[in-house]
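For reference, chains read A, B and C in written order, and residue numbers begin at 1 within each chain.
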Amino acid sequence: MKRWALYISRRLLYMAVTLWLIITATFLLMSLLPGSPYNYRDQLSQAQIDILDQKYGLNQPLAVRYVTYLRNILHGDFGISLQFSDQPITKLLANRVGPSMRLGLQAVAFGTVVGTILGVIAAMRQNTWIDTFSSLFAIIGRSTPNFVVAVILQFTFAVSLKLLPIGLWKDGFRSTILPTLALSISPMADAARFIRTEMVEVLGSDYIELARAKGMSETRLAFTHGLRNALIPLVTIIGPMTVSLMTGSLVVENIFAIPGIGEQFTKSILSNDYYTIMAVTILYSSLLLAVIFVMDVLYQVIDPRVRVEADA
Amino acid sequence: MNERTLPCERPDTLPDELFRLRGAVPADEVGAVRASSFGFFQDAWRRLRRNKAAVGSIIVLTVVVILAYSAPLIAPYNPNMQNVPYANLPPRIPGISVNGMNGKIPMRGQWVDRYALANVPDDVHYLFGTDEFGRDLLSRALYGTRISLTIAFIAALLDLSIGVSFGLFSAMRGGAVDSIMQRLLEILTGIPSLVLVVLMLLVFKPGMVSIVLALAMSAWAPMARIVRAQTLRLKRMEYVLAARALGMSRFRIALSHVLPNISGTVVVRAMFSIPYAIFFETFLSFIGVGMRIPNASIGTLLNGGYKVFRIYSYQMWIPAVILCVIMLAFNLFADGLRDALDPKMKEQGDAHE
Amino acid sequence: MSDRHAAGNRNSSNRLEVRELSVSFSTYLGVVRAVRGVSFDLRQGETMALVGESGSGKTVTCRAVMRLLAKNASLDSGSISLDGTDLLKLNRREMRDVRGNDVAMIFQDPMTSLNPTMKIGRQIGEAVRLHNNVSRAKAKSRALELLDLVGIEDPARRYHQYPHQFSGGQRQRVVIAIALACDPKVLIADEPTTALDVTMQAQILDLFKELKRRTGASILFVTHDLGVVANVADRVAVMYAGRIVEIGTSDEIFYDPRHPYTWGLLSSLPALAQDGRLYAIPGAPPDLIYPPTGDAFAPRNEYALAIDDLAEPPLIRVTPTHYAATWLLDPRAPAVEPPPEVARRQRLYADRQVNI
């Protein structure tokens, strides 16, 4: 237990330092940017500028502004969006977390489950047509950017067949189907490929041979021994999956006009809304760090082999 | 008779004179077991050649690269030349009368001949059609593919060199330098690469050079990690220890002992970073921070096509198909290369008694 | 010569009868004929050792009995019958009922034979429940009993542990417990001590001796180390290049071997080394993609006859229990003097036989 506490606190410390460095780097990059928030001064009244200058110390030297920015972040204040009606960014983004989260979770769940099934079948029926089909599907899924998939799905099911809504976040679950499918392609392909490789390796291992020698059927063997051991390392690719989902959501949310973080981010990029860009960068980075951390801890909890290495 | 089948029918008919002692054959004349008579790279090459998907991808990629880089010679039009009267013409391929490839397009439920509407002479054909400014899409696709491939190749080369040097240096140096370099890597991998690329593109002026730099910056960290891990493993090997004991410098060990042994892994990894770079270029152009108009890249073509795909869907399908074919070919080839170079994936059954 | 080999007719005391078994593997270099016409019997309650260097086909023979061969293997001919039932004719379901139940197998490397993510108890219980329709609680008590039988101390605590919490020797004991779960008629042990250190080897061998006494199972003990065999085996079959070259009781093989290959194996035992020099059989085993026409051992055999290059020697009878496949046993062959240590043992053995 003491070892665990030590491990977790050390990891948390590393994470905090990493995040701090990321914030610093982002801040410096943004201050290097051509132009500054003052570009939009014309749109603001003098009184507003004074208030802003007062609040963010924009007329102060870089170092002071940096300290202020850090202090504000600690209080959950990411500043005010310079483009979107002076809304506090925290509030602007808070409203958008829901749709993004929902899409992300749906896509990961659907993608990993279907991908795992495909991978297991492919591994059990190695070098048959079903294996070829599954591998082909996985590689096509990996080779087709999700925004292309999104556009194709939208064109086929919404524009041509008119089965599902084109987009917008109005029809509840029905309007999440197409974006979820588009986003789930990459986790699906990753999981299928990963599980197949792991399963093939596991199915060729000595302990599977021993289970066969016990008289266990191939199907039962694949599920009780094979899948169990192949699923454990699957948690290691959930981190990369999250990243690819964030990438995907940027465009996919745009294509389907979903009021999520990704759509906000693209809007902000195109309109040089620096404070929002910084906020989203920090948000995405913390999310990534958190996912990597949780997965590392989870991996150690569920895999007895890793525990022993940590003991040694 | 014994249950064994003998080469000769009855042993007792064998001539007596054969029953004389002749002793063992000298060891060097005895055929040794032919466990593996192939060298590593021959073996890898044999495996690669047997992989139909990989061979197919090599052929596809060769054709694509040749077409793309001979764009100035074979492109029928200037890719940036606008010709508004001929805007949005669908593909018309001489000799084919299938709807969609004969210059007709569905409008309000009817197939309409756009070429006739625009008064295009009968002998003028746009194989891939034209875009909203009347630019020839075939020419734009050729030039666009060339730009996308160039970006991908240079970015892959850059992240390969940065990653390998960083990883090699970090591992060979060891100690405090290594830990600092590792922390740096950790920070870099903590930022989603997409965000990193976007930030860098905002700071640099948009264009090919900044895209290449941004892509290389975001992709070298995993390469560095792999190289470092492999180098650390090799450092413990006897022959490297022996080389050190002989007084060889770390630099020379890295070049003569470590690098050749990790080259397989590095090449495979670099091959995977090419489709990654192509994807990112497309992605950036699609959201509007990548290549700037009027320059064509697969991403800008896709972006342009997406804007009008409800009416002129060919403008989106064509770049989408090109993109998918290139990505698929690179991925399949990289897969094949990895399987060929990774002895762990060797065919089952070879290892049996 | 016209005698049938001891493995000739079906005998009611025979548990396992292997006849003319041939197995080959297709590889990219060609078809490897790993087992070329192997016949032997395993009697009730008997331990037989299958000895040979790696590549001699002993592991393939065992796996053929379990029908657990690699995908590129093909069973070209022969039969394997267990109490009169030909295992090669069973369908997959029927074969599954045999595996682990009638015939159980222990693998070479205990470090990799257990599922690292599953508790030991469950891995044993699973074997029990696969073939017996018993409750979880019943399976658990059987598992604890088995752990005790194979000499694991404090079974109740160990039951809940993972493989990595066990030492190599203990893991092999667990693997043996799994094999014994359903009181198999035949236990196949494929080099069960090879991966262990010397003291562990001795302990596991003692365990086998005890098991033989307590369970009455027939044991097929595969090893490349003749030294290990002397302790446990009632009978020994020596394999070379996919064939049995000599088969007999333990005494016959150790004290009165007739095949030059067995002579070589015995002379290379450290315990029998003369004046501190260790003997090694020269050369390497033959290429089994193109097996030689004559005696496969002839090229390495300093006692080779001219005929060895032309005709493969049959198993020739020495005693009703002892056969060797060498032309040296043919009446027309010249008398040869075996290596000194072997000759000494043969004299010792002959004296003993007279005295009895």
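Please note the rule applied: a residue touches a chain if its C-beta (ideal position, glycine included) is under 8 Å from a C-beta of that chain, and two chains touch if they have at least 3 such contacts.
Everything numeric here is computed off the predicted structure, so don't read it as measured data.
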item: By mean Cα position, the chain sitting nearest the middle; value: B
item: Furthest chain, CA centroid comparison against chain A; value: C
item: A-C against A-B, pair bridged by the larger set of C-beta contacts; value: A-B
item: Whole-Å gap separating chain B and chain C, where each centre is the average of the chain's CA atoms; value: 50
item: Chain A-chain C separation of Cα centroids, rounded to whole Å; value: 55
item: Euclidean distance of C-alpha centroids - chain A vs chain B, Å; value: 25
item: Residues within chain B bordering two or more other chains; value: 348
item: Per-residue overlap in chain A, given as positions that touch at least 2 other chains; value: none
item: Touching residues on chain B, where the partner in the complex is chain A; value: 186-187, 190-195, 198-200, 202-203, 275, 279, 282-283, 286-289, 302, 306, 309-310, 313, 316, 320, 323-324, 327-328, 330-332, 335, 348
item: Chain A contact footprint on chain C (complex, rising order); value: 66, 68, 96-101, 104-105, 107, 109, 112-118, 126-127, 130-131, 162, 164-165, 175, 178-179, 181
item: Residue ranges of chain B in contact with chain C within the complex; value: 1-8, 11-12, 14, 16-25, 27, 29-34, 37, 347-350, 352-353
item: Complex contacts: residues of chain A adjacent to chain B; value: 14, 18-19, 21-22, 25-26, 29, 32-33, 139-140, 142-145, 147-148, 151-152, 155, 159, 204, 243, 246-247, 250-251, 254-255, 266, 269-270, 272, 277, 280-281, 284-285, 288-289, 292
item: Residues on chain A engaged by chain C in the complex (per definition of touch); value: 205-207, 209-217, 224-225, 228-229, 232, 303-305, 308
